[in-house]
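Below: a set of structures, written as structure tokens.
You will see chain A twice below: alongside chain B first, and alongside chain C after that.
On to the complex of A and B.
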């Protein structure tokens, strides 16, 4: 495989990774919660997309907004009913709570959807450009992932709710004094994170097979990407995702795919020690 | 400096260990299996208590220590080392590894430490599964079986596990009553202040981390000898690594008997649900974890039993005390 091909594979993978990590980063940055449910949200999005496609034949690109809306509702509800009650507790409590919720969601998915790997298969063929060969469905996935990331960026930058989320992240008490309903904003933030996870799952199911066993893998990727990129917002997830995608792609060719995953984790540990705010993160979001 | 501590936790613990040790004499094979499971998780929860309870560091690295212990024990035994020596070697090796890893990850705090400790589990698993020539990779590893008839082997394993429980408990007691424990409690309350008043926080934290690692290392090695087969997914399980802190919290983190009570309750509940609701086992355990966070935040031992027995809400009892 040529250099360009490996790089292109890495970039495509990286945009998908960014999309996977962005919701996790948002919850960590704004709510100060490590959301162990994140991986299962992604798998749920992928499964819902697959089943909608398999039973009704509707294009997964059209199913995606519906899945995203469902996941938003689920995320909002979970945060409002459960996580909000302990949101300012130490990390041990919040992490354990989301892990407990994840066990329930994971069990529901294995019972109702089974753990069979499923993939939306669309035959679009492949394109060749400058000696780089790329399946079209991956390019569509990459386009969707970038569009979603950009959309979240715009929402956080320009909308009232987006500014409220940023305000709560900066100073919860001051935001409350300005009339922002903090609990509602927390729930919206968690809902958006679940929405992004579900949408990422939809995109993923169009490109790779999805199964419940992957929820831990997705969660691990989200850890790594957030630490590499930092928690500063959309840009951190994008930089982290692209970095991890490209590193894994090259490492996979040079030292084998299994070791490539290890490299990601080792890199994360090293960065945790030398630069905990991440490559582009803002210091002080710990 | 410190008030004399009550001897009751030690007496209760001695009676409990003695009762468990008698299981092979009085009970059947199935119950002995459960007793081993209880002993295993009691040792793990007590070990976690030193770093997670006393020091307040949200460590999710238990499965890393346990898994490395499994593999070191198994590899030593395959190389012809007698079982007992292999277990000791596993504990010593894990102690050394945790010293190095502790020096690295204990520089992190809060959320970053939690993520870093989970990463230790993931990295260990990935290294073990990709280092196929030595560890057998994803195919796992057969471990020489212990000699003797099955009931004798179970009894031996149970007694060795209980030995580890006793050592882990003594480590807790000694930590609790020494300068180390005092320093760790200071770190738990305010690390910067502890540093200011002259506590060598780095050394104390590493000591706590190593203490929380050696017993899981031994437990893993003994477990490997008992079951005769290990693989990376089971040895470095994310479920184990979260279950252990949950047990300690269920009983009461940072107390001496809390992890013991928590481990027993959790293992028995799990056994009950495994037996009756196989398909929904995981969801039920999840629901218990959620309920624990909301209804038992301080653990079983912190419950106001007298108020419950008198069938009065705790608030009323508190009001009366105040008024």
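On to the complex of A and C.
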């Protein structure tokens, strides 16, 4: 099998991985909260997309903005009502809180949606270019993932709310003194992270079967990607995701799929030792 | 009511309740069941729960089971172990020590059964497993463990022979299995059976639990152009695997997914893509047994009751095997004439029963022996039985 095919598989997988990690990275970097809810947010986004498709036939691409908006509301509410109460407590406290909230959300989904894998069975076909075969749905997913990442990048760079998020990340007290409503900005940040997770769920519903079982898998991937790529910016998730996707793709072929995931974790451990801020992370956010 | 009167009334009520419990406890067979009612295996846990409720309702309505001249009702004491193996073991201990159950039923899957089996063996309480088929669970020398599924190896040898008969030019097979107790043992067994059956195994790899992408492995398989692709895993893995095969343009005359098509979720999740996929299963409701012992006198009687209980859903092998497992317990209790664990254990070991699910007779390691398990194929969205010949209802079709 050609080098190009392995690389292409890795790049497409990598952008999907980036899409998983971006919201997680944002919350971790800005709020210093390890959001255990993240995997379940993605699964919830996937389910909402699936049900919208199954009952109304609307394409996941069109449902995506609605799902993203709903998840934003959910994320904003959770942060404003619960997590803000303990946001300045040590990281273990917020981790425990989000862990508890995750158990509630995860089990509610299992009870009401069941763990049965469901798939948006739209066949988009595949394209072949220079001997490389690529499924169209993954390419659409990749396009959406890149678009969302770019959008977040622009929002953080240019909008007032984006600059406020960055300001709060840099110095909470100083930002508050400048008139920024810190609690509101926290909630907006968490909302944006949930929005990105929901959008990722919509993208994934086209590519993978949706089941609550995947919640922990998504969370684990997000964690590894953030450590590899680094926190503090949108680029960290993108670089981390691509690195993990490409490494897993090559490792899967060269040393067998069974060991591919291990390689990702080994890379994570090595980076923690030699470059704790990640490949492109900003020093001080690790 | 004055406080004194209130206390007297309360005491009387409590005493009555205590007496009631004591009286009924003697006439009840208590069966303990740690079930995965939430978490990753929740679907499977609910299947077990459903058929056990059907079974107890039916048997209790008919007066219960005759144990040594006393008609006893059956009560299932269940706890949700949240798909956490360690918790399943803890709850098995609770069921034995606090609830004082007479018999335990194992949870779904070989991995969790293994954990509960170790607990049951320690306390010497009979354990009947209905969804565990890996020999590694039964070859630990446990005396109190019995399983209604048959060993994996019988399934794979029959499959190799059957496929070679249908496609004489069959020469190469790619095997891709999930690194988990049951899927791994099926992949290993198939690899061994394929080699001993004269096939060349061109790819033989496992993927880790939690894999969400198979493109690397499938791209390699594509370049090897095998005649037969054999993939094992749970439904979500297999749906993804089949879809990625299509996405990457992988074609083979035979694609087998174990146990994919045995579950309705697989065919529903894949739609037309499921067509032509073969599999093997321990039981299918199309395999009709009649005039049998147990709560249902025929497979059809069970099927009709099941349709009613499940609002028209079809049963799969989990439902069949687990309902029949309670027939085994009832039969053993009847023959033992007591609920004493050692006597129950001996009666279970001597089981030789024809049920709606098929024959059940335990071998030396506690596994159900001597069943010919059906090979199935998805044809036109439905499940057809290809083997064994006496219950087959279709000819195998090749994919290309």
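Quick notes on this one:
Heads up, the rule we're going with is that the second predicted complex is superposed on the first by the 285 of 286 C-alpha atoms of A that agree within 3 Å, B and C clash if a C-alpha of one lies under 4 Å from a C-alpha of the other, contacts with A are read in each partner's own complex, and residues count from 1 in each chain.
We adopt the following convention: contacts are C-beta pairs under 8 Å (C-beta built on N, C-alpha and C of every residue); 3 or more make two chains touch, one makes a residue touch a chain.
It should be emphasised that the depicted structure is a prediction, and the values quoted were computed from it without experimental measurement.
Overlaying the two complexes via chain A brings chain B and chain C into a clash.
Legend: residue contacts after superposition of the two complexes on their common chain; A:6 is shown touching chain C, with no touch to chain B. Contact with chain B, but none with chain C, is seen for A:269 once the two complexes are overlaid on the shared chain. Contacts of A:107 after superposition: both chain B and chain C are touched. Legend: residue contacts after superposition of the two complexes on their common chain; A:86 is shown touching chain B, with no touch to chain C.
In the superposition on chain A, A:28 makes contact with chain B only, while chain C stays out of contact range. Residue contacts after overlaying the shared chain place A:208 against chain C, while chain B stays out of touching range. Applying the stated contact rule after C-alpha superposition, one finds that A:97 touches chain B and leaves chain C untouched.
In the superposed pair of complexes, A:184 makes contact with neither chain B nor chain C. Contacts of A:135 after superposition: chain C is touched, whereas chain B is not reached. Once both structures are laid onto chain A, the chain C stretch out of 20-28, 110-118 or 164-172 that overlaps chain B is 110-118.
Residue overlap on chain A between the chain B contacts of one complex and the chain C contacts of the other covers 107, 110-111, 216, 220, 256, 258, 261-262. In the complex of the two chains, the chain A residues touching chain C come out as 1, 5-6, 9, 13, 107, 110-111, 114-119, 121, 123, 126, 128, 133, 135, 137-138, 208-209, 211-214, 216-217, 220-221, 248-253, 256-258, 260-262.
On chain A, the positions that touch chain B within their shared complex are 28, 32, 34, 82, 85-86, 90-93, 95-97, 99-104, 106-108, 110-111, 216, 220, 223, 227, 256, 258-259, 261-262, 265-266, 268-269, 272-273, 276, 286. Of all residues in chain B, those touching chain A in their complex are 52, 56, 58, 60, 104-105, 107-112, 114-116, 118-120, 122-123, 126-127, 129-130, 238, 242, 245-246, 249, 279-283, 285-290, 292-294, 297. By the touch rule above, chain C contacts chain A in their complex via residues 38-43, 46, 176, 179, 205-208, 210-217, 219-220, 222-223, 235-236, 239-240, 243-244, 246-249, 265, 269-271, 273.
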